[in-house]
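Pasting a structure below so you can have a look.
All chains are identified by letter, namely A, B, C and D, in their written order; residue positions are counted from 1 within each chain.
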Amino acid sequence: MNIPMSEPITYLEAIRHAQTDCLHTDERVFIYGEDVEDPLGGAFKATKGLSTRYPERVLNAPISEDAIAGMAVGAALDGMRPIIEFQFADFAILAFNQLANHAGAGAWRHGQPCPLVARLPVGGTPGGGPFHSQMVENWLTTPPGLISVAPATVSDAYHMLKQAVRCDDPVMFYEHKALYFHQRASLSNAPEYPLGRAVVRRQGQDISLVSYSAMVWDALSAAEQLARDYQIEAEVIDLRCLKPLDMNTLYDSLEHTGRLLVCTEAWPYAGVSAEVIAQVSSQAFHLLDAPPRRLNAKDVPVPFHPHLWNAYRPNTADIVQAALDLVRF
Amino acid sequence: MTLMNMSLQVRQRHLEIMLYARQVEQQITTLYRQGRISGSAYLGRGQEAFSAAAGVQLQSGDILAPLTRDCAARIAFGESLTEIFRTYLGKATGIMRGRDGNTHRGHIRTGILPMISHLGGMIAPVAGILLSRRLQGQDKLANGDLHIGMASIGDGGMSTGALHEGLNAAAVLHLPLVLLVSDNHYAYSTPSTHNYACQHLADRAVGYGIQSHQCDGNDSDACLHTLYLAVQAARQGQGSQMVVASIDRLCGHSEHDDARYIPPSVQETRKDCVELRLEQLQLSGDFSASELSALQQRIDNDIQQTLQQVSKEPEPDAQQTQWQALSHPEQLWQ
Amino acid sequence: MNIPMSEPITYLEAIRHAQTDCLHTDERVFIYGEDVEDPLGGAFKATKGLSTRYPERVLNAPISEDAIAGMAVGAALDGMRPIIEFQFADFAILAFNQLANHAGAGAWRHGQPCPLVARLPVGGTPGGGPFHSQMVENWLTTPPGLISVAPATVSDAYHMLKQAVRCDDPVMFYEHKALYFHQRASLSNAPEYPLGRAVVRRQGQDISLVSYSAMVWDALSAAEQLARDYQIEAEVIDLRCLKPLDMNTLYDSLEHTGRLLVCTEAWPYAGVSAEVIAQVSSQAFHLLDAPPRRLNAKDVPVPFHPHLWNAYRPNTADIVQAALDLVRF
Amino acid sequence: MTLMNMSLQVRQRHLEIMLYARQVEQQITTLYRQGRISGSAYLGRGQEAFSAAAGVQLQSGDILAPLTRDCAARIAFGESLTEIFRTYLGKATGIMRGRDGNTHRGHIRTGILPMISHLGGMIAPVAGILLSRRLQGQDKLANGDLHIGMASIGDGGMSTGALHEGLNAAAVLHLPLVLLVSDNHYAYSTPSTHNYACQHLADRAVGYGIQSHQCDGNDSDACLHTLYLAVQAARQGQGSQMVVASIDRLCGHSEHDDARYIPPSVQETRKDCVELRLEQLQLSGDFSASELSALQQRIDNDIQQTLQQVSKEPEPDAQQTQWQALSHPEQLWQ
């Protein structure tokens, strides 16, 4: 647990530290996934050094996503706290059955919780292409029984992963690859919120910009631009937990803004942003002064070429424009 | 314990379990025909000799992941008649509380895992439990032998990706998993030739680097003997084991299936493992006709009493049901 | 093609007839799935008799959902028109990768359409339990490139399946098991609508009840009850095509009703009903006189016991009540 | 064609393809280091002898589903340098139009399938194409031999459920699928011992009921010979074939990987199949040093010319892109 609390670390390091902590303090914790052992320590090095310190509890898996999740289900039922790493979240589609029908369905069906954590490197980077860039929360939130969380900050990456491991229910942990190396912060005084809470990242009166994961940073820079160039004060809400949703924090925000814009990097159809809008529209219709809106990726496979990738994903300019449209509605 | 010195006691227990399974399932059929069971009813008729022989090898602390036709293994491993009927009838008192039914019953606390329907999907969880035991240093019996995990699969289920991944992962970790392959030559209506092209499913073992064993599922002694060897190998640290039995499925795929897709010529060659065993034991003088009928009577009494008792128990109440899939939603706010 | 056009047939027979027609008229069509060959002709007998007439083009598959879908992808790319049958839609979760990343992603990615049809027996019946009852449209609509259709009537089952086979893009065809034997109608004068169109099943001025698949019949009986007991005239819209959505038909309806209730048998979170509400709220906010609402199954695994099952799924009484609340809003 | 009478012509073509692949990939590395390639670059260094030997067996109308390290097989099957560079550079003119990149290029029209990343996921589609050909009566060459489908997989990919299901389905239908297993003893950083527990991956063939073949991937003649036999067997109706080659991966998993997880002792034993072949052919007098340098020069010219040409071609324009995943959305309204 020799984490340099005051030095700035990256989002990726925060994830590694959280795992180190968990391995150190809780003998039930083990890590299973492709290439997680040293010397590589994971395709993104998120587990680097861990198998050297805990050789029995950091284990390479065959290229078998269904078995990786299935093994974790068994171990979790037997009292362990497995953390499984998918090399890219895109490959978790092969484990969907074990995650949904075993891990998610278990607690209600037979009464026994299944405390596993699935680490899912999500999201795109230029050149990532269709199969190493996907956001997977739209389908992983559909079956009952799975918690979904998506940290946007270094501090959340650290705290939420530790909370996820402590949680008795299975947690899908979406870590955005674009944040791995580019987000840096120190963990000293890093606030720890409850796992289920949405957090207001910036206060404002004119519009609620709701997002999660890497897109929070786009929303924040859009908010700055809106303030600077248009004197519009956007409230930026980081959902953090995608299922279940902390709707009260949203409603509190909408009480004063009356305007909702949800931004995600995921495909539009039947996703988290649709769920947010559906809940707001049906439960807090009276708070809305304008139609709720969402910005999502285009409904096509994630493109390879940076030109296409830049147009595929909503960016700061798109958010600014959509916010302007809404405020001027 | 070899075929020679296999105790009469073991063989009698095996027979008793077979009869229990056969008679319980007969009762299930009746309940099903009476419309008292919702959904489907799947039976293990014909699989009792193999399934019971597997079950008698299990020791407290082992793990069993049965499929639909493993009534006998379950009973051998200690599942109570009460639990069987509660789950079939969807009783609130049952281990599944009416939330899941028929052969999906189980709870890790009892060592019997509640199956999901997706074939092959139970193998990796059993491997996961075995790994967990190893990591916890809880993987050994008092005598130093290993606890084992048994998982069941059919000839059809052998084609699933989940089976391949789970079995391979177990083999790589050298886990004491015993895979019970009940090759009854049909997957629902599909003959084995449409499910695999190898000569014998046991040919798969070498590809996983595990030991294979074969037996005739109609031959109780062979089943007992083979499973004894396979389980001993697993317990003694020789890694995962595959045991393939040739089985005659003496029923439809489920009770709403008349199995007319099985040609009469094949139907005719089928033998009944329970009857074969009874004949054998009577011939050898190990078991008399009167002992048999007394046993059958006792089992029937058990069944009727249990059923009567369970029938009175409450069904689940939708109003009082917690419609919340998370076990501890409050933890999200701590 | 000796279909008795004037005799009433079941929904299941309609599906069988459609496949017979396709096999008869189009040599590119073949059927691949578990147990589809005679004598069984499928777990629900949807292909009964077909392998006898077309022995080369109706083929049993091993229990290998991923391979079934993957084979269909290859054959479709090579010019065939495969129809794959999943024995229960619940097992299609094992084929999600091939459906999403191969069938769905292909056309945009490499320019070649993938004309396969996946027949998915969905939905619950009492005693079906958690793994033989699921609705799967919530996750199958999330990836780009897959069309999703859900016929509610005998006529639609027949026509839409034939249209799906003619379609150059992959179609997820959700057939509800509760309709298989209970819906009966004759195909003579059975109207054929475009595959993508929503259809108004009952006209009304007071509220738009939107649903699809078996739930359309609950909506219709709720509408009758609302008219009889409360003099409320509900317009019942059958979406038919879930992705893409025919929003114009909805907007036309909301023009005069101003009230929206979406009813499905699926889980609530991030599903088709959320998408409908999100689109309506953001695109046609001005048409809404009351908050849009949805009724869904409870967010738990599908229960086995009929008592629980009845409470799990919205029924006519639930729809009536929700409609009353909305109209009285 | 046996080892003895394998024509010099075939061996020269094989060498030429190896050299092409090696030099093209050298250029890819340069482009990657120059930052001209987005994302990753995966190379087939060390796999050329096996991959080229597979590729030279293909005939027009066959199907190839290559993976990342099959540059040689692709070139042998007719993929142009132009297409390779277009896709790596994400050019709008390329077959993937910048929508997908690097080794994902392909189009069924050319017989080369565009791979998806999910390992094992290409096997069933190849089987599906072979089934389609059979159903269409388009499965034969003029001489009556069968068209084949070749699919590539690594030692790691052999653990995937998709591989198991796809290969089994192909075997059951007795389809002429040739599975190329490049066992380079590592899956990314993971040694084979963590991916499988069998002695040799070829041991898996018997479990699928298919024929297996093995060769040393550093021995070009062995590769040519083995693949010739496997492909002939498939063409002559003997069903699916598995060919396992032992390969030395002479590069990182991808160009951003230094492969330091491979112990120096293992690194040292590695041989370069291209160099071995060059030595061999020069020793035997089949190929002189001057012929070699002329050939290398010609290839290099080709590469430079193509690259220069392709570099000028346009990149995709987001504005003009149809952001519509369906190929024929209008059909929904007909």
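We adopt the following convention: contacts are C-beta pairs under 8 Å (C-beta built on N, C-alpha and C of every residue); 3 or more make two chains touch, one makes a residue touch a chain.
Being a predicted model, the structure only gives us computed values, none of them experimental.
J.: Between A-B and B-C, name the chain pair that shares the greater number of C-beta pairs in contact.
T.: Pair with the higher count of C-beta contacts: A-B.
J.: From the options C-D, A-B or B-C, choose the one that repeats interface A-D, i.e. more than half of its residue-numbered contact pairs are shared.
T.: When the residue numbers line up for over half the pairs, the pair is B-C.
J.: Mind checking the centre-to-centre distance between chain B and chain D? Centres are C-alpha means, answer in whole Å.
T.: Going by mean C-alpha positions, chain B sits 44 Å from chain D.
J.: How many angstrom lie between the CA centroids of chain A and chain B, rounded to a whole number?
T.: That gives a centre separation of 41 Å.
J.: Quick one: chain B and chain C, Cα centre-to-centre, how many Å?
T.: 36
J.: Hey, how far is the Cα centre of chain A from the one of chain C, in Å?
T.: 31
J.: Please set out, as single numbers or ranges, the residues of chain C touching at least two other chains.
T.: 61-62, 64, 66-67, 90, 93-94, 97, 101, 105, 108-109, 130-131, 144-145, 299-301
J.: Among the residues of chain D, which ones contact at least 2 other chains?
T.: 96, 99-100, 104, 116, 118, 159-162, 165, 168-169, 172, 194-196, 324-325
J.: Quick one: which bits of chain A touch chain D in the complex? Just the residue numbers, please.
T.: These residues of chain A touch chain D: 34-35, 37-40, 43, 60-64, 66-67, 88, 90-91, 93-94, 125-132, 298-301, 303-308, 310-312.
J.: Taking the complex as given, what residues does chain B use to touch chain C?
T.: 37-40, 90, 96, 98-102, 104, 116-119, 156-157, 159-162, 187-190, 194-196, 260-261, 315-319, 321, 323-325
J.: Per the contact definition, I'd like the list of chain A residues that touch chain C in the complex.
T.: Where chain A meets chain C, its residues are 90, 93-94, 96-97, 100-101, 104-105, 108-109, 130-131, 138-139, 141-145, 243, 267, 269-275, 277-278, 281-283, 285-286, 288, 290-294, 299-301.
J.: Under the definition above, what is the set of chain B residues touching chain D in their complex?
T.: Touch residues, chain B against chain D: 159-165, 168-169, 171-172, 174, 193-199, 203-210, 239.
J.: Flag every residue of chain C that touches chain D in the complex, lowest number first.
T.: Residues in contact with chain D: 27, 30, 56-57, 59, 61-62, 64-80, 82, 97-98, 101-102, 104-105, 107-113, 144-145, 147, 166-169, 194-197, 241, 244.
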